[in-house]
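Lettered A, B and C in written order, each chain numbered from 1.
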Amino acid sequence: MHQFISLADVTDLDALIQSGRDAKANPFADEHLGHHKTIGLLFFNSSLRTRLSTEKAARNLGMNVMTLNVGADSWGLEMEDGVFMNADKAEHVREAAAVMGRYCDILAVRAFAGLKDREADYKEQVMTQFARYAGVPIVNLESATRHPLQSLADCITIEEAKTTPKPKVVLTWLPHIKPLPQAVANSFCEWMNPRAAAGHIDFVVTHPKGYELAPEFVGDARVIYNQEEAFAGADFIYGKNWSSYSQYGQMLTDDPSWAVTMDKMQLTNNGKFMHCLPVRRNLKVSDAVLDSPQSLVIEQAANREWSAQAVLKSLLLELK
Amino acid sequence: MHQFISLADVTDLDALIQSGRDAKANPFADEHLGHHKTIGLLFFNSSLRTRLSTEKAARNLGMNVMTLNVGADSWGLEMEDGVFMNADKAEHVREAAAVMGRYCDILAVRAFAGLKDREADYKEQVMTQFARYAGVPIVNLESATRHPLQSLADCITIEEAKTTPKPKVVLTWLPHIKPLPQAVANSFCEWMNPRAAAGHIDFVVTHPKGYELAPEFVGDARVIYNQEEAFAGADFIYGKNWSSYSQYGQMLTDDPSWAVTMDKMQLTNNGKFMHCLPVRRNLKVSDAVLDSPQSLVIEQAANREWSAQAVLKSLLLELK
Amino acid sequence: MHQFISLADVTDLDALIQSGRDAKANPFADEHLGHHKTIGLLFFNSSLRTRLSTEKAARNLGMNVMTLNVGADSWGLEMEDGVFMNADKAEHVREAAAVMGRYCDILAVRAFAGLKDREADYKEQVMTQFARYAGVPIVNLESATRHPLQSLADCITIEEAKTTPKPKVVLTWLPHIKPLPQAVANSFCEWMNPRAAAGHIDFVVTHPKGYELAPEFVGDARVIYNQEEAFAGADFIYGKNWSSYSQYGQMLTDDPSWAVTMDKMQLTNNGKFMHCLPVRRNLKVSDAVLDSPQSLVIEQAANREWSAQAVLKSLLLELK
């Protein structure tokens, strides 16, 4: 693997999932791989799981880790080319990426969607510019439209927890108090669709009308607008809020009837509940569900460490 | 030791003090103990000594250290159970603690008193919730009502510097410009009272009327409202400001006559001056005292490293 | 070397430049030197290159690194002696420096000029106070009037890239949208002047009238007010904005004709362009120059790692 920006960078997903599970079983087996190698973690946005799990994974592999909070530790970066830089951004990504690429063997970047300008968000400018100018492999720590380290952890979690050969996996929209990016939902579709196509899972997406995901992400997934119908017989309920793609970045409803409760979980096949966290309790999903044995949210978050470790191992092997 | 939240977690205080002194004499003797172990340092509030000394102690023990500034690096955490989370907190401590407990072998947490609601502060919700949900040992880096790593460093400092078998130790209130928590004063009493009961020291507390500490902390300590009387013959003067417990969080006086000066130090038995730092010079204690050979404040702060190292060593030994 | 605050601390500059080039050729050759040694990085101001390159250099040498953002991670520090501390600063540098000097073997400090009070800035209070009270070697990560790690990287870069035995080096003022400190320009003069005196380079400074640097820094450098005349036959163009020293901290002009363009680079001897970064593209220097093979800015920034490593190695050797 030469970078990890989206699923397109993964040549063998089954092997990557297995690599994550191997790391979980034996975290320090590859500690020599990262000797004298440095990863830079660059945050344009807040993070808890991604920050800690990626740092931990890198150290499990024996790497040196350097973290920078852009805008707090340093300053804002200009992403557009050809700009006369007389506004608030003190440095251009061409310099920042190239310089950090000289200090680091791998650069990992988190930069959320602005949710103002769909075209700008969907062209993934930050990741694209870093990939163009850093001169070292880039890892996506959640970008405007994707969160692939989360999706890989989700794959690991489903593989570990499935009790049938071809589980039914349901991505459901949840209510929220403010508009959120589509990145996690997009990425989950991007990773589940080929697994559905390969016959590993049955994949369903459910949300209120108006919350249709971008066509390139939802792909051939079956979309059901009736949440209860979607939940019927599900083995995994994957909850997430996202804002509208068509009316970009808008919150069209906060309909509380879309929250996940034990009543709804009864419709499933003793289904497991997943969520990428952070989750606002009772607003999106009830305490009862989160505190039940059906909840996988902690194991899923724990698997972020092994997801990151599988990706970093793969990148380190290519660094020679 | 299975956690380090208060003195109640310490089974053998004399041994713990000795362990700190051993670490000071030979900082890297136990470097193997922390191999492949990670401590997470979680700050809800600012820190200088606690942050650096704990990080240093952990590295002396060979540990991996990951630090998170809650609210800056990540987001606010909801501490109350059963809440419909539609306000400013994006994540519940149940998830945050449990997830961090999966990435870390030990979690250390700093969270000051709010000083608005005495009952809330004194039930130690943050420490209690982390201890309940993290699934790994918790270390108190100063909580609403206690600062035990400071108190252990204070014990080490007194042991090192005492020149008589049973020194007189005086905790004195100092003036300040704004209300401060009672944590350091509470903790100092909590740790000194049993040492007084065991005959190791003579312990006196002095403060203006209205600044009485909580009964469960001040215990059987001798309280003298006349500061000069209290100072007479003292071997150690431990200065600290705190706000009122009875009129909770209020600043009842900023009477400058309570500041410590060389004149007052003359009343002591060539006593040593201690303070946990940071200290506002001349407001609380004069330059002359802080810059005199009687001041132990730098040595006391330096001992924070050995206090943390003794505690972490003890916890690592229990991790197997 | 016992500290690294200015060029005056360097006993053999040629050897230090060579040490940096040796580190670049073999980054881990001295990894044993920093074993069980800790450097504290203390930031009163934002940083990208300095933070990452110094951290990386320290780790190349096997050191432990602890970073503190003053005012964010901790609180403001009082620098004046004899103050009655009842204002916004919670701790005095006497305590903060002394305590950090107990946790760290070397302390590195970044603190920019305030640009309000020339005398205050030019007496270098922060560096001076840290050097006085820390009890361990201090490294200047850019102070009010100097940026010596940058200057050392600049020396390394010029040595690497020069194509004539005695290159012509031109420091040119560039336009900017707000007043900036004189530190980089001062330091560059401070380091270039003795190299000019020793016959290694020909050194010229060019800027609009009113931007004369402090006499103790500009020294005997040749000052030419006509930029095109200064550029004639130059081997290195070193661009930088700074505010006025005589009308202290003022921005007297933002004349765009002082920006560096390809037309101006034609006047040089196929000259190389250098800048310490961050650089505002097109405002200070055109995209065409920065993206041309004549630009050394990325290599120059990369050399910050080797500059820091040479300095830290020299300090570690003195630690015993």
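As a working rule, contacts are C-beta pairs under 8 Å (C-beta built on N, C-alpha and C of every residue); 3 or more make two chains touch, one makes a residue touch a chain.
Listed by chain with UniProt protein names: A, B, C = N-succinylornithine carbamoyltransferase.
These numbers were taken from a predicted model, which means no experiment stands behind them.
Steps from chain A to chain C, taking the shortest chain of touch contacts, total 1. Between the two copies, chain A and chain B, the Cα superposition rotates by 120°, quoted to the nearest 5.
Of all residue numbers seen at the chain B-chain C contact, under half occur in both copies; the interface is built from largely non-matching residues.
Distance from the chain B centre to the chain C centre is 39 Å, each centre being the mean of its Cα atoms. Multi-chain contact residues of chain A (touching two or more other chains) are listed as 72.
Chain A makes touch with chain C in their complex at residues 36, 38, 40, 64, 66, 68, 72-75, 78, 81-86, 90-92, 94-96, 98-100, 102-104.
Those residues of chain A whose C-beta lies close enough to touch chain B in the complex are 27-28, 43, 46-49, 51-53, 55-56, 59, 69, 72, 177, 277-283, 287, 290-291, 297-298, 301-302, 305.
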